[in-house]
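Letters A, B and C mark the chains as written, and numbering starts fresh at 1 in each.
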Amino acid sequence: MAELTQLIDSEVFLAYSTYAAIVLLKMMLMSPCTAYFRITRKAFANPEDAGVHGKGEQAKKYVRTDQDVERVRRCHLNDLENIVPFFGIGLLYALSGPDLYTALLHFRIFVGSRVFHSISYLVPLPQPCRALSFFVGFCVTISMAYRLLSTSLYL
Amino acid sequence: MAELTQLIDSEVFLAYSTYAAIVLLKMMLMSPCTAYFRITRKAFANPEDAGVHGKGEQAKKYVRTDQDVERVRRCHLNDLENIVPFFGIGLLYALSGPDLYTALLHFRIFVGSRVFHSISYLVPLPQPCRALSFFVGFCVTISMAYRLLSTSLYL
Amino acid sequence: MAELTQLIDSEVFLAYSTYAAIVLLKMMLMSPCTAYFRITRKAFANPEDAGVHGKGEQAKKYVRTDQDVERVRRCHLNDLENIVPFFGIGLLYALSGPDLYTALLHFRIFVGSRVFHSISYLVPLPQPCRALSFFVGFCVTISMAYRLLSTSLYL
């Protein structure tokens, strides 16, 4: 790996830091989104939540699953499954001293693909919109992992 | 960003490292907690697990969902959804050279809010205990992301 | 913590970087694995996905849960629950300047235990294969957290 003082102050690390924060914020947005659907659809997972929106028998009816709520939750879980590897591999990749232009390309495509993935999932757009956006983000992370492991392997 | 040698050895990074480790350990605790509820409630997800606690027809009955088990699992998933962004954004925030007092305030409030969130979820305490503790932790992460992006944006 | 210039360029950090990338890639593998089972078992979560593999009434039948698909998804979620703490605590541990031999031992055992966990889950092997592999990985992370917190605690 390159000299350390060139690393965290470097433009690559700043770029990583910016895009990683953006994509993590996007993932966090799914939580209020789930809450919004749970409240408008009156579909709660916990009796104590349903109790706020209705009393007695009515509250019990609100403890149920709803297609829209489940859709947001699947979207959130898919974000977790993909943004966690991006964050981890991206951090190590950014510290392995890649070319700035290449790194920016990776980060931008990934963030774009995840934003498009969420839109495709929540609208929902017809397939293969969602499958493609998932696949693009997946390949970006694989590409960073390939570059990372090929430049600095220590088993 | 500030000079590198001041960063990882800095008190801010040490504080981040301590609180991040604590909150990750708290999240890991949910796994034995799930196992405990699965075994005491005899509610397993896999036939091979149920087979350890009963034979034949009885084992089949144990492959079921249970309200208490599902509650722990939702609590665990909520931890993942919130602690992952805290870990990621917090790391970048700690490296962006914030004021020590402000940083400690962020980390302490977040860890406190997540511990209180788990207690609210598992007891369960009446709402809005859980909603408030979730919201406090959420705002801490947003606040760190705001400070991070406002001091070091590189698009 | 040790001098910074000795850290990220150090063999410990290189080793961490390699093993973390490998275990994150392993986790990512679960996504195509889920897709494979969803397509071969014809069990989809979204109507727009089922619509690609069948028309009208048939598509509706494909929106269902399947035991094999659920098994892969549980395996994926368990990976998330365990690999996220490993990644986080491992990163801070690698930066706290541990002994190279000890660190390598931790990383290798963790990666081995998670690979064996996935195999145990997906085959599935009889218990306690999966429980043991989970437990070994869990203890490795706890051990790193212990060393981290005992050398650099800042509350």
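Quick note on the criterion: a contact is a pair of C-beta atoms (placed from the backbone, for glycine too) under 8 Å apart; a residue touches a chain by one contact, two chains touch by 3 or more.
Note that the structure is predicted; figures quoted are calculated from it, not measured.
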{"item": "Angle, in degrees to the nearest 5, of the Cα rotation that carries chain B onto chain C", "value": "120"}
{"item": "Same or different residue numbers at the chain A/chain B copy interface, by half rule", "value": "different"}
{"item": "Distance between chain centroids, defined by C-alpha means - chain A, chain B (Å)", "value": "16"}
{"item": "Chain B: positions in contact with at least two other chains", "value": "4-5, 7, 77, 80, 84, 91"}
{"item": "In the complex, chain C residues that touch chain A", "value": "4-5, 7-9, 11, 13-15, 17-18, 20-22, 24-25, 27-28, 30-31, 45-46, 48-49, 51-52, 76-77, 80, 83-84, 87, 91"}
{"item": "Chain B-facing residues of chain C, complex", "value": "1, 3-5, 7, 70-71, 74, 77, 80-82, 84-85, 88-89, 91-92, 95-96, 124-128, 130, 134, 138, 141-142, 145, 148-149, 152-155"}
